[in-house]
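The first chain written gets the first letter, and so on, giving A, B, C and D; residue counts start at 1 in each chain.
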């Protein structure tokens, strides 16, 4: 289907089902139960899962296929967001021109930065990209937000003001990002017994976009171009002596992943029309690296899983405070309750970083292929297959999923 | 006029004159060997031919066109393929994928953004690759990860990749270095077969006399960066200058 | 309007009731059930406390959180009631707000605009929070204030000192209790004149982002108005951890006062560096060299340790004040947590009480009702003396403290001493003051 | 002139910290081929060794003094450190005063131990793994270490003052013939620079003049060959990891009095130290030191008023700008070796 083989088609269908049904899947617990704390099916977080998924899919096209580890991809995300908000400020709150411009501008910047950075390889390349991104961040945070020439609005983040031109804005259109009048914030809530599910317009826009770019990523992975990118990672020497110029291939991959990042940034602004400079900081670049490795470098679905994993911890674990803990363990005798809460306390709420750090280590120690490998092992274990040779990618002209 | 003409090539690294006054002519459809003791400048010469190094003086012409100043991939596109001393293949890719890459390179040139096509639909390319694997006796290994091939098979794969581009000149850099006797003999047989069956010129750089005398139609002996003799194999065998160069090295 | 922001909690409760008896799905759209965002329909109302729990301001955030929890206790009639006993408005009864028990959820701003908006959205969308309170930087405050305006909930800002929060970026749904950079300048200038004279030459080091600039602008304006000369203003990168290269040229510049427009870790390090370079031991232009830190906080003072001795600055509030409101609050806080509260804790505590009181007086949780109740509200008894929530820009006007690093602290908590309580009249300004120009409150947004 | 001298001093001082951290980082790259994102955390742990020792020295017993009151009006508890009661008030006070320099002795075994444990317990298993995995695991470790420190010491910076004798500043300018107040420089910053020079010198002479060091250097150049010679190079590399950790830790111990330590100080230095190492050139120890001082000095000059008025924001980006220029003109940094971390 759609020019994909059977295996990829089923992968695409699974991803499509998971994203479309996410409001159900992510809200497995009744809204009033103690476990509702673990529900992730509210619009903001669902949007984040998908947007960071797009970011990571794009990053993986560069890093997973060519092996070039960029430490500055957050810059393109930030540039995408700034472009989108500028579209909101100048034209209107319609998300289409905003997202389109964010892809184009991020593409242009990645062409420029990629052209320069790709003159070097290995860690030298990583540091060049890091340097460009950190410069962008520093300038966006301060110099480019000075009152005379305020391009980024610095610390607060770029936002739309009432006195902005918005030349295409008309009466009756929402004062928030919208798709031809459909506000990105509009949400339809479905209640089934004790359960409650949110269907948010913005989320579904992101989900559709993600399915499209996921499909494109599969096409890239399975294309001759994709093989060339993997050849770059495997052996550049052989590649050059085989009559292939590796530079434009890596640059193309860099620009594609930069455009994915720009798209993610544009969507982020479309969901919430404020672009903060922090999303360009090195920690944000590092985050997408971690997402990709954590999920499974070079696999199609891995980066999306990694993105979901990190965002889940950031948004869910950070909100578990002591009173929530006491609520959960209220059934225990008092002394026991306090003890359990005291033991868990360092790992949740303000300690969510600690839990995340520990999980990073556990995953990379025990699952060298990331979460995807964990999934494969689980499936193999369920199927009762013998492990070993069958795990090794074989009989395929594509990388393992 | 040979297909490859090297004229007055010189190359200096700091205080070391690695090559001087190298003149060499490789005739079409022959096997030409370049031999010499360690440090004679064989590898430097090879690197000058494929674009990795640019000589300080002289010229290198392939089929009437200069290769100097061109990048390795451009020289390859002119019709020169190179086999490395240790097999250089795409270790993380399957044998089949390894085969596809040179064929794509031949068909599409140094760069093409064919990102939306699917490899599986490239029937013609796949057929060519399969045929080449068949000819090289590796068809049953097409789905293996190439990194897990034996050393001999890696060499075979690398040669297959080069041949699939139908090069006019195949450059081999000590193709049997570090191989066991049996593997060496297999490789000799393979190369013999290739030179007999195909319309191809082979230039081979080699240390091992056994290999050279089994294969070469013509031999150039290099010593201290400059050609000592160029002749047919039977004449090289008894040449006192060659003996001296080699004995001098062992002494 | 058919497109409404998320209004979850109210729907959910109604939905649960409706769906309880039947197995068939009961479907509601958001707009049909609620009059405004997150209208509480059950016996409880949920407040969202959005404070930095990770990153450099984690301690500040922790203190704010403790104060907010204390406020919830007092609202629910637990503990000793704290400032409910001293507050001039007697609408609060200690039975929650409008009879509903107060619950709270917490989020981590990480002191980043993006993360703060994410956690605020999560509290609004997922937990049904009807008000967001807290924070420890102006960037975050402005970002979250904008979000609350769009979502239709009330934002009660925590620590935010930049003029823009109630200036260029003011919003109808947002309220600031904390003082601002202009007030710091207005309060400090007379004290500086008295202590250091009117012919000083000042050298500014300023954190290179919005808050730093507005504070520098305010202090420069107020000190120059009384005769000081500004020798130089130098911007320092936010990411700086070492300020030696900015401090070193100060002595040579002919300046005799150093103004550090820094906050948090920046301020701790730049002050430490300035002391290392021996600035306070020097005599320049025949006068003793002085350092001024316009915005002080207790946690920064603790971090700076010995170095703050004798250094002047301003604060919103200090636990050493002797009015009844302060005493009641410090007593409750101190007895519960074993330490005195910081000034950002006091702001957050007061903001929770002010919000609850406004709901009671308005008789509704509807943000527009709350806005109306808070606008122009005059009160006392929360620790800052007589206070006005000005209707024009939602800024609180109250006395401002000028403090000095204590030369002989007797314990870990009296590191700062109050020099002067600058009366409210002296720090007031017109709503259209140029430093605050350009913004528009807009209309209150109830969401649904 | 005096302004230039002053900024050179500042640059050397900043450079000292950069060089020390980068030195350890590049040792680990060079010997073990591991990308250690936890190196900043080691620097931070070093600083907290000093904090801990200071806390240990100030462990005290309480006596209730009825004549004074605390902030709630209760009788004040007066604290007396045990150290003062054991060694007498005077010697005790001296010990407390000198806690930072004493922490060097305290930190060396701790940092060697931490380094050894890290290498044997974790890093060892990652030699053959891709760099990406090394980054993930060491980054995870860095977060864990910093969160642990935060749990025990809080997020606020903690003052670790230098000994009274070494605090304050000296007027270097007068000795050089400048006007008084022209070049005032804090004593502890001079101490820090000298300390860095001693440590760097120590590491270099250790590698240069001891058999152990020669083997390590040979191993850095060609690990396989040295391994084939029957030398247990792994063991030596483990020890080098411990030494690298100790260098970072000592840099941290001595850094405390300059800027009070906090739990995230390691992360603040992490990216910077990578830039320093790469600008110096991967696998080059002299390169790391050279780049550390170079970037320190350039950063200082970029923060002068003259520089920031000429190019607004130059102080924000100078380090990265220099990194880009160096890497584009010299492919392997200032002194990098070919083939190290280039694939």
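Structure notes:
Everything below uses one rule, namely that a residue touches a chain if its C-beta (ideal position, glycine included) is under 8 Å from a C-beta of that chain, and two chains touch if they have at least 3 such contacts.
By chain, with names taken from UniProt: A, D = ABC transporter permease; B = ABC transporter ATP-binding protein; C = Branched-chain amino acid ABC transporter substrate-binding protein.
Bear in mind the structure is a predicted one, so any value in this text is a computation, not a measurement.
A comparison of the A-C and C-D interfaces places the larger number of contacting C-beta pairs at A-C. For the pair chain A and chain C, the distance between C-alpha centroids works out to 33 Å.
Separation between the centroids of chain B and chain D, computed from CA atoms only, is 52 Å. Chain C and chain D have Cα centroids separated by 36 Å. In whole angstrom, the spacing between the mean C-alpha positions of chain B and chain C is 74.
Residue positions of chain D with contacts to 2 or more other chains are 313, 316. Counting only residues that touch two or more partner chains, chain B has none.
For chain A, residues that reach two or more other chains under the stated contact definition are 138, 141-143, 353. You'll find the chains touch as A-B, A-C, A-D, C-D. Of all residues in chain A, those touching chain D in their complex are 63, 67, 69, 116, 119-124, 127-128, 130-132, 134-135, 138-139, 141-143, 146, 282, 286, 289-290, 293-294, 297, 346, 351, 353-354, 356-361, 363-365, 368.
For chain D in complex with chain C, the touching residues are 2-3, 6-7, 9-11, 13-14, 68, 70-72, 76, 150, 154-159, 161, 167-169, 181-182, 184-186, 188-189, 258-260, 262, 264-265, 268-269, 299-300, 303-305, 308, 313, 315-316. Contact residues of chain B toward chain A in the complex are 50, 71-73, 76-77, 81-82, 84, 88-94, 96-97, 100-102, 104-106, 108-122, 143-145, 161, 165.
Residues 35, 122, 125, 129-133, 135-137, 139-144, 146-148, 151, 271, 274-275, 278-279, 282, 312-313, 316-317, 319-321, 323-324, 327-328, 331-333, 341-343 of chain D touch chain A in their complex. On the chain C side of its complex with chain D, the touching residues are 55-59, 62, 208, 232, 234-237, 239, 241-242, 244-246, 248-249, 251-252, 265, 268-269, 272-273, 276-278, 281-282, 284, 299, 302-307, 319, 330-331, 334-335, 340, 410-411, 413-414.
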